[in-house]
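Look for chain A in each of the two complexes below; its partner is chain B in the first and chain C in the second.
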Partner chain A sequence: MSAWYDAHLILVQATFISFLVALSIQFPMRMGVFSFAGVANYALGAYTAAIVVVRSDEIVSPVVSVGAGVLVAVVVSLILALIVRRLRGLYLAMATISVSLIVQVIAFNGGELTGGASGMFGVISDLTIGSVIVVCVVAAGILTWTERGTLGRRIDAVRDDPELAVSMGINVNRYRLVAFVGSGVFGSLAGGLEVLLRSTISPVNVGFSLVVTALTIIIVGGYRSWVGAAIGAVIVTWLPFYLQAMERYQQVIYGLFVVVAAIFVPGGLLGIADQARRRLVRRQLEHEDQEAAAEQDAGGAAVVDAVGASRKEEAR
Partner chain B sequence: MTQHTVPPTVAEPASALVLDARDVAIHFGGVKAVDGVTMEIAEGKIFGLLGPNGSGKSTILAGITRLVPLKSGSLTFDGRPYDDVPTFKLARWGMARTFQTVRLLGDLTVEQNILLGADVGRSSGVSRRAAATERKECVADVIDRTGLAKFVKWTPSELSYGVQRRVEIARAIVMQPRLLLLDEPVAGMTKSEKLEIAALLSDLRAQGLTQLLVEHDVQMMVDTCDHLYAMNFGKLIGEGVPADVVKTPAVQEAYMGKGWRADA
Partner chain C sequence: MLEIDELHVSYGKVRAVRGVSLAARPGRVTLVLGANGAGKTTTLRAVMGLQSVDSGRVRVDGTDITGKDTHKVVRAGVSLVPEGRRVFAPLTVEENLLLGGYSTSATDRADTLQKVYGMFPILSDRRDGAAGLLSGGEQQMLAFGRALMSRSKYVLMDEPSMGLAPSVVQTVLMTAREIADSGIGVLMVEQNAEAGLQVADEVVAISQGEVGFTGDVAAARADRAILRAFLGESALSN
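Moving on to the complex of A and B:
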């Protein structure tokens, strides 16, 4: 176990970080907000944490450095939410991708502060993978709560039919704001934690490819729940590793897998599971329906018999 | 732009208006979809709004619920002006509506869709637990009255159109509204389904629920409504006792053609 764990530590770390990155896009998507600002938030979280650690003379607790990153990302997310509040769908997607690219450009040209094209090194901390897992579990717990009961229904309404949602007394704009803030928190957590684990960050890590990775995770896993992001994070992180045996076909097979998932499994692997569960429930309901109908028939027959018997008696 | 001569703040006891829409105009560019319509919806009655396709019925409903902005005019709900109040607040004040097309959430069961209406946060001053119990009872009651008990675990796509429409109505009723706006609730239903819905609406009126019914079915309007408004080209072309309104030449010509008689 330990030997295996040591050999695969990087992949284990990458799985949990990818999960958080995916959440930064899946969370707003669940509220119908098609925003890729999660990648910008990742960059803000990573660079802020790195700057705090590198600039400080003393050892900085991860809580402080990552916390600073989260704070910066949340403030930026709130401002962004106000600026793009009238944008929807593709337009919002484009605007937020642009924001991510702007942040990358700033990282490239930040001079001494961001380390320019070569990025930042020596971001030393005592953060362990255990803490990262705790963060992920807490995030999953909070998200589970948002996916159930009243709140879950309201979020479904906000996503599927905003006009209906406002007619049901739901303040859709506030949910959209929460979507941006949530994206800020998850994205910056991913960035901050990753830079502390890897001790380095550079502008290439925060570019468009991160958008693609996050989107792939959500498409493969499913966008309806954090569970989809978790499934997707595992697959997207580990599949290339196991495909290494395929050598030069690795990229082709990986690409095919993603294409097939996007075309044939629109709800992701989670969607397949949900559909199967629904089919079972439906079969059960139909069964109950038939039983009820049969019972009614039997009851009706009994009544007819009784009426018939009384008529016979009357005839006598 | 408001040019009403009636002082807006006078609280006459006789006019217990739930909704007062005065001189409402809604324009889309050059199109005058609604042009100076006044409607006074009094408490405890069913009001009807009749008119051919494109006459502005749904648009004025969108205006009343603040989904589209008014060009001019004023809106008052329970004595409170609400010209700049967002839609979601109106729902909490007690304005519920159904839509012209079925708008149920496909991934939720019938029960969950109805619960969405029950979730509307209306402060009633009772404890959370008491409110939850009350809500549960209300949901069970509405499900029972709309005849949806056997469908609660199904999802909308697994059900017939008529049942889906009933779920829509149930979701609005369960909000326990002050005013219920129904946008063509029986469109596409069978005769017997229509009668069921009409009976349900009358039942709700008996309990004091004020309703505004937008509908195409003239017979149902005459049978169900206490007061009828008729619209065409964005303007009112008649109002009053339903059976009389549908007999006026303007309404006959605009809506039914000349051969129709209300008492036929």
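Moving on to the complex of A and C:
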């Protein structure tokens, strides 16, 4: 176990970080907010944590450095939410991708503060993978709560028909604000934790490719629940590793896999699991119906027998 | 009383509603007639705060709600049954109704739910079924019930008969009548003028964003212009 773990440490780390990055886009998407600001939040979280650690003379607790990143990202997310509050759909997607690219440009041109194109090094901390797992488990717990019962249905309503939802008295704008803040928290956690684990960050890590990775995770896994993001994170992180045996066909097979998932599995792997579960329940119900019908038939036969018997009596 | 006073609404340069004034009263059905594009739906949307208002006032029992956020309009006692019903298809009937009671307390919600089930037994029978599997008429009942869940004093209905089988139209409009009879003020936009007139108390006719006629049903039936515009030439002969 330990040998396997040592050999795959980077992939294990990447799985949990990708999960958080995917959440930063999946969470707003579940509320109908097509925001890719999650990647900007990742950059803000990573750079803020890195700057706090590198600039301070003493050893900084991960709680402080990552916390600072989360704070910055949440403030920026709130401001962003106000600026783009009238945008929807594709326009919102474009605007938020632009924000992510702007943050990348700032990282490139930040001079000494961000280390320019070469980025920042020596972001040393005592953060362990255990803490990252704890963060992910807590996030999953909170999200489970938002996906169930009354709150879950309200979020579904806000996504499926915002105008109808607001006509029923639901404050849709507040949910949208929560979507942006949630994206800020998840994105900056991913960035802050990753920079502490890897000890470096550079502008190429926070570019458009991260948007693509996050989207792929959500499409492959399924966007309706955090479970989809978890499934997607595992596949997107580990599949390329196992495809290495294919050598030069690796990229082709990976690409095909994503295309097939997008076309034939619109709900992601999570959607397939849901369908299978529903089919099972339906079959069970049908089975019960048949049993009930059979019982009725048996009862009917008994009545016929009794009637037949009484007729015989009469005939005598 | 729900009062709309000199309402003006425009989409860019197009002035869709120009000085519309009308009112809905508790226990009464106010029928809004008008051709496509006359500004009926726009008026309802402006009342709900779904559309911004250029000028004019909307008051609920004396309280000004003009330009308020939609969720606050609902809290002030006005709810909307939108055109085309728009139920949440994957959710159950009961879940749809509970969403409608979003702005009320949990005890009120349970209480109102029982009342709604009393009024619409069909919804009670199908409470655990998916709303998307209901027939058009049943979905309209669900949309009515959902609006009632907010304990509104005034319910705006946008084309409740649209897309329904002719045999169901009568039932649905009679239900609107029953809702008014329970003490709620109903403001109903309806293209099916003849069916609408059968359940209405007052009639407002809008054309090109302006009110052309206001009066009770008897006066509307006596008005030749109304008859010609909404009931066809044949209605004039008798």
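Throughout what follows, the second predicted complex is superposed on the first by the 282 of 316 C-alpha atoms of A that agree within 3 Å, B and C clash if a C-alpha of one lies under 4 Å from a C-alpha of the other, contacts with A are read in each partner's own complex, and residues count from 1 in each chain.
Please note the rule applied: a residue touches a chain if its C-beta (ideal position, glycine included) is under 8 Å from a C-beta of that chain, and two chains touch if they have at least 3 such contacts.
Keep in mind it's a predicted model, so treat the numbers as computed, not measured.
Chemist: Is the arrangement of chain B and chain C around the shared chain A a clash or a fit after superposition?
Modeler: Result for chain B and chain C: clash.
Chemist: Answer with first, second, both or neither: which of chain B and chain C does A:154 touch in the superposed model?
Modeler: It touches chain B and chain C both.
Chemist: Touch check for A:117: first (chain B), second (chain C), both, or neither?
Modeler: So A:117 meets neither chain B nor chain C here.
Chemist: Could you let me know whether more residues of chain A are touched by chain B or by chain C?
Modeler: Counted on chain A, the partner with more touching residues turns out to be B.
Chemist: First (chain B), second (chain C), both or neither: which does A:167 touch?
Modeler: Touch status of A:167: both partners.
Chemist: According to the stated criteria, A:278 is in contact with first (chain B), second (chain C), both, or neither; which is it?
Modeler: The first partner, chain B, only.
Chemist: After lining up the shared chain so the two structures overlap, which partner does A:9 touch, if you call chain B first and chain C second: first, second, both or neither?
Modeler: Neither partner.
Chemist: State which residues of chain A lie in both footprints, the one left by chain B and the one left by chain C.
Modeler: 150, 153-154, 156-157, 160-161, 163-172
Chemist: Which chain A residues qualify as touching chain C in the complex?
Modeler: Touching chain C from chain A are residues 150, 153-154, 156-157, 160-161, 163-173.
Chemist: Touching residues of chain B toward chain A in the complex: what are they?
Modeler: 65, 67, 86-89, 91-92, 96-97, 99, 103, 105-108, 112, 115-117, 119-122, 150, 153-155, 158, 171, 175
Chemist: Applying the document's contact rule, which stretches of chain A touch chain B when the two form their complex?
Modeler: Touch residues, chain A against chain B: 150, 153-154, 156-157, 160-161, 163-172, 224, 278, 281-282, 285, 289, 292.
Chemist: Spell out the part of chain C that touches chain A in their complex, as residue ranges.
Modeler: Counting only chain C, the residues touching chain A are 48, 50, 69-71, 74-75, 79-80, 82, 86, 88, 90-91, 95, 98-100, 102-103, 146, 150.
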